[in-house]
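Data first, discussion second: the structure below is written as C-alpha cells.
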Amino acid sequence: MSEPSVVVGTIGSDAHVVGITLLEHALKEAGFDVRNLGAQTPKEAFVEAAAETGASAVLVSSLYGHAEQDCEGLHEGLAEADVDPMTYIGGNLAVGQSEFETVRRQFREMGFDGVFDADVEFEEVVSTLRAELGMDERSTRLTQARS
Amino acid sequence: MSEPSVVVGTIGSDAHVVGITLLEHALKEAGFDVRNLGAQTPKEAFVEAAAETGASAVLVSSLYGHAEQDCEGLHEGLAEADVDPMTYIGGNLAVGQSEFETVRRQFREMGFDGVFDADVEFEEVVSTLRAELGMDERSTRLTQARS
Amino acid sequence: MVEDTRLTDAELEQLDQTVWESAPVESASFEEAVAFHEGLPEHKRFADVLESADRVLTQPRAGVPRLDDQIDLLQTLTDEGDADLLPTTIDSYTRDNAYEKAQAGLEQSRETGENELNGFPAVNHGVDGCRRLIEAVDAPVQVRHGTPDARLLAAVTLAGGFQSFEGGPITYNLPYTSKYELAETIEYWQYVDRLSGAYTERGVPINREPFGPLTGTLVPPSVAIAICIIEGLLAATQGVRSVTLGYGQVGNLVQDVAAIRAMEQLGTEYLPEEVTVTTVFHQWMGGFPRDEARANGVIALGAATAAVVEPDKIITKSPQEARGVPTAAANAAGLRTTGQVLQMLSEQSVDLEGVDREQDLIERSVRSLLDAVFDAGDGDVARGTVEAFEQGLLDVPFPPSEAADGDVLPARDDDGRVRLLKFGNLAVDSEVKQIHDARLETRATTENRRPSFRMVADDVSAISDGRLVGRPGDD
Amino acid sequence: MVEDTRLTDAELEQLDQTVWESAPVESASFEEAVAFHEGLPEHKRFADVLESADRVLTQPRAGVPRLDDQIDLLQTLTDEGDADLLPTTIDSYTRDNAYEKAQAGLEQSRETGENELNGFPAVNHGVDGCRRLIEAVDAPVQVRHGTPDARLLAAVTLAGGFQSFEGGPITYNLPYTSKYELAETIEYWQYVDRLSGAYTERGVPINREPFGPLTGTLVPPSVAIAICIIEGLLAATQGVRSVTLGYGQVGNLVQDVAAIRAMEQLGTEYLPEEVTVTTVFHQWMGGFPRDEARANGVIALGAATAAVVEPDKIITKSPQEARGVPTAAANAAGLRTTGQVLQMLSEQSVDLEGVDREQDLIERSVRSLLDAVFDAGDGDVARGTVEAFEQGLLDVPFPPSEAADGDVLPARDDDGRVRLLKFGNLAVDSEVKQIHDARLETRATTENRRPSFRMVADDVSAISDGRLVGRPGDD
C-alpha cells in the first residue's frame, strides 16, 4: 500500500519557511509522502502539484498576513483541475491583532477543511490529518511506536 | 519673619514613611518649619499638632489603600479645634486600580485642598504649597537660588 | 528582660490559652491541627517542596478579603502564572490586631462585592476558613503579612493548615509599625516560633521566613543579612528547623548575586546544623515605575538576577505594583514574565566577575554586625538585639519605628551598588566605612555635587523614574 | 560575471535612468535630493546620530500603509517609546516589486480605514510622500524592508530624505525570497550602494545596514558575522562610509556577548579604514511566545544582553510579536521595557566569564568562512560569494531561497549555545567541527537521545514554549 501524498508550501509572496520545513519532516516521519513546494509558491503551483501527485491533502502555510488575498481562487483552481484533496491552512492568517475565531470562519468559508493558528503543535496537525484520512485504522501500530 | 509651619505624617495604620521622610527634607530645604508625625498617626494627632504649631498646612500621606476610612472626620476635627490649615493628601489613595480622577474628586469632597497621586515630584508639592501660601512673593530670591 | 531561651511546654500551653482567649473565633485543638496537616498530600508540604526543589521556585504576593475570592485568586496564580508556592497576604487591620475593623471590612466586602480590605483577614476567617483554603488550592501556601504581634494570626493559620509563616520580631516590627518596642515583639515571636517548633516536633515542619527586604528602600545587604540571621537564630532556639533567609533586590547584579551568596554562606555557618537553611530573593521592593512596560523591565531584571545566583525561591512583583493591589491577571503576568526569564537563563551558566570581592565586603560587615549583637547581649542574641538597636549598632534606613535609630542613610555608588552615606552608630569597622566613603566620593566627583540627602532622594526615586542611579538634572 | 568593482559615474547615471523608468511615480533630481538632505537638522542625520551616541540607541520596527498613519505611528514611538532611531518598514508587495498590488492595497486602506498592507509602500508614496514623513517626525529614519531588488525603493527613499537603508544582496535575498540568484541581487545592491556612495560623497552619508539575523532561527553567529562583513565590503567598494553590522540574539548571554564583540573586532579589521563601523543587536528574531507576559521576558533578556555588550543600537520587538503586526501602543511598550532594562543595567559594569573562549571560536570560524570566500573568488569578494554559496562553503539554516544549500542544521548545546548539527559543506576547519560535535554529544547524553531533526524542531519552538533549549517530553 503506497503512502498518502501531501503537498505543502508557503503561498503568495510569503517567504516564511521554518514552519513548513519542520512540518515536512514531521509528516515524513509520520509516514506521508511529502512534496514541499517551498517559499513564495503561487496558488497555481499548489493546484498543479496536487494534480500531479494525486495528493490526499494540500497544506498551505501563510505567516505574513496576506493569506486571504493569496488564497483567493485556490479552491476553484483545484475544482477545475478535477482534484479534491483535503485542504488545510495554518500560520498567521490576518494582519494585525484579529480574533482567531473570526479568522477561522472566514477561511472555512473560502473552502479550507482545516484552519490552524500558530499555536498548533506539529503533532496535532499530523494526528488530525492521519485521523481525517483514516490512516489510524490502517496503522495503529505505527502510531503507537511514535507516541 | 518666622517660617510657615507644616505638619506631615502618614495616617491611620499605614507605615509607609519613605515618601514623607523625603517630603520632610524637601520642605525644610524650601524654608518650612516641619513637624513630622511619622508613621501610623491617628487623625486626632494631626489635629493636635496643627493646633499646637498653628500650622499653615497639614500634609497627610497614605499609601496602603485605606485613606478614605482613615481620614473620615479629619476636617471636622480641625474645625472643632478651630484651626484652618491648608490640607493636602497624597500617595496611593485607593485599594486596587481605580482611575485617579474619581479618587481626586472624592477626596476634594472630603475637604482636602490638594489631592496628589504617587507620580507627583517633591518639587511640585513644595512649589504648589509655596504658591498657595503666598510665599513666593515674599521670597522670590530664595526660590531663584534653589532652581 | 527578654532572653533567647526556649519556652517550656508549660509556658507554651499557657501562652496558647492567653492567645486564644482574645480570639474573635473559636480555637482548635493542637492534635486535630496536627492531624489536618498529616492529611495533606506531599505537594502541599511547604518545607519539603521548597527544600527539595531543583530549580528556583516562584511565589507571588496575593490576598483579598473573601474566602472564595482568595481561592479563585490563588488558583489563577497557579493556573495562569505557574506559581510554585502560594501566598496569602493578610490585610492591614489584622496586622494591627484590629479584628473588629477587619471583620467590618470583610462584611462590607461581602455586601458590596468590592475588596474593602487590602488582604485576607485570616483570623476572622478562622481555622475552618483557612482549612477550606488550604484544601481548595493545589500548592503549598504561606502566610505573608507584616504583623508585629502575630501570635493569634499564627495560632489560627498554623492550625488552619498553613505550613509557612513569614516575618519575625525585627523584620515585622521596624518596617511595618511605629508602635512596638523590640523587646515586646521578640517576646511575641518567641511564641510564634515555639508554636512552629511544636508542630515541627510532631513531624509537621513549619517553614519560617524572616522578611529580608525590611523597608524595601536601599537597604544595605549586610544589614538585611545580619537581621535575618538573628531571626533565624531566635527561631532555631524555639525548635524551628526550616528557615528561609530573605533578601530584597537592590538592582545591581553583582551586589545582588554577592548578597545571596553571602547569605547562603553565613546562614549555614551561623545557624545550628539541624536547621535547613534556604534563601528567598525578592524582586525590587522599592518604588516601582508606574508604567507597566517599564515595571516589566524591573521584574525581568529581578528574574535574571535570580537565574544567575539561584536562590531557592523568588518572590515576584506585578506590573501594577506602583498603582495598587494588582489584579489576578496582572499578578499572573508578573509570574510568567519571571518564569520565562528564569527558565531561559537558568539553562545556561552565567558567571559574573567581581562577585567575590563584593561578597567579602558583605560578609565582613555582617560578621561585625553580628559580633556587636553577641557582645551587646553578653552572648544572648535576644538581649543583644535589643541593646544593639538601642545603641544604633544595628540600624535600618527609613524605619517608621522608633525601635531603630534610622540614622543610617544609603546611597548608590557610581556602579549602582548600595553604600552608606551616613553610618550613624552602625557596628562596621573603619576600613569598611572607608570603602563606602571612597565609592561615594567617586560618584560625587562624577556628578559634581556632594553626597547629600538630595542624592538619597534621587536614588530612592531612580528606578521608578527609569534608571538605577539618581543622577542630577534628570527629570 | 559579477565583480566587486565600483560602478563608474556613467554606469550609475545609466542605471539611475533604468530604475526610474520603471517607476510608478515621478523621479527626483539628485541635486534637489542632496539639497533636501542638507536642509535637515542635525538630530535627523542618521549616521551622525548613531556614530556619536554614547549609549545604546533603541529602534523599533514599524510600518503602516497610509502616510498620515505612518507619521502618527512614528510619533507615538518617539513620544511614548522614547525611540532614538525610527524605522519605516516596507510592505511585502513592494518588496516583491509588485507596485500595482501595493497601490491597490494602499487605496483599499484609504477606503476601508484598515491596514490592508503589512508595511509602508514607500515607492507608491513617492519622493514627496517620503519627504513629508521625514519632515514630520523628530528623529533619524531608516528604511527597513527585505527587498531583494531594492533599486527603485532606494532611489525613491534616499531622494525622499531617508539616510539609512537596511539590507544587502545576501541578507535580503536568502531569508526573504525564493526567486533570485545571488549574482543578480549582488548586482542590484551594487546600484543601491553606489547611490548611497554618491550621496556620501556629497556630504550626505547614507548609513547601510546588512540584515544580520538572516532567517532569524538559530543562525550560528559566525555565519551571520561573515555574511555581514561581506556585505560591508561590497558596500565600501561602492563608496559607502557608514556601515552597521547586524546580529540577532540567540538567547545565550555569553554567546551573544561574544558574538557582538567578535563582530566589532572583525568588522573594524576587515572593512577599510575609511568606513565607520557600528553594530546593531536584534532582540530574538525567531518564534516568540504568544503570551505577552512571556514575550516581555524575552524582550527584557535581549535588552539585558545589549546592556552588557553595548552595541551601538538595539532593534526592539513588541510583546505582540507572535500575533501579528503590533499596535503602536504595544510597540512603544516593547521600547519602554527595553529602555528600562538597558538604562538600569548599563549604569553598572557587568563582566561575564567565558566570553573570550566563545569569542575566539566565533572569530576563528568567521575567518575561515571569509578565507573560503576570498579563495573561491580569487580575491574578488563578489565572485567569491557566489561561488562559496554555490559550493555550500557558505550556507544558512532554513533558507527559503535556493541560492543557499540550506544544508546546515543548527541545534543548541547543553548550555543553550547555538552549534551545528550538520555542517553541510560549510568552510570551517575540522577542529571547530569537533568542538561543535562534542558539545552536542554532551547534550545528547543529557537528554538520552541522538542529535536529530527532532532536536532541531524542539529548539526552534523552545523560546515560544517558555524555555531556551528544547528538551524532550516537555509539552
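Letters A, B, C and D mark the chains as written, and numbering starts fresh at 1 in each.
Keep this in mind: contacts are C-beta pairs under 8 Å (C-beta built on N, C-alpha and C of every residue); 3 or more make two chains touch, one makes a residue touch a chain.
Bear in mind the structure is a predicted one, so any value in this text is a computation, not a measurement.
Counted as hops between touching chains, the shortest connection from chain B to chain D is 2.
The chain with its C-alpha centre at the largest distance from the centre of chain B is A.
With each centre defined as the average position of its C-alpha atoms, the distance from chain A to chain C rounds to 54 Å.
Rounded to whole angstrom units, the spacing between the C-alpha centres of chain C and chain D is 45.
Mean C-alpha positions place chain B and chain C at a centre distance of 30 Å.
Chain A and chain B have Cα centroids lying 67 Å from one another.
Residue positions of chain A in touch with at least two other chains are not found. Counting partner chains per residue, chain C has no residue touching two or more of them. Across the assembly, chains come into contact as A-D, B-C, C-D. Those residues of chain D that touch chain A in the complex are listed here as 92-93, 95-96, 98, 115-118, 146, 175-179, 215-217, 286-287, 290, 320, 322-327, 398-402, 453, 456-457, 460, 475.
Against chain C, the residues of chain B that register as touching in their complex are 10, 13-18, 21-22, 25-26, 29, 38-40, 64-66, 92, 94-98, 118-119, 121-122. If you check the complex, the residues on chain D that touch chain C are 251-254, 289, 291-294, 296-301, 303-304, 332-341, 343-345, 347-354, 415-417, 463, 466-469.
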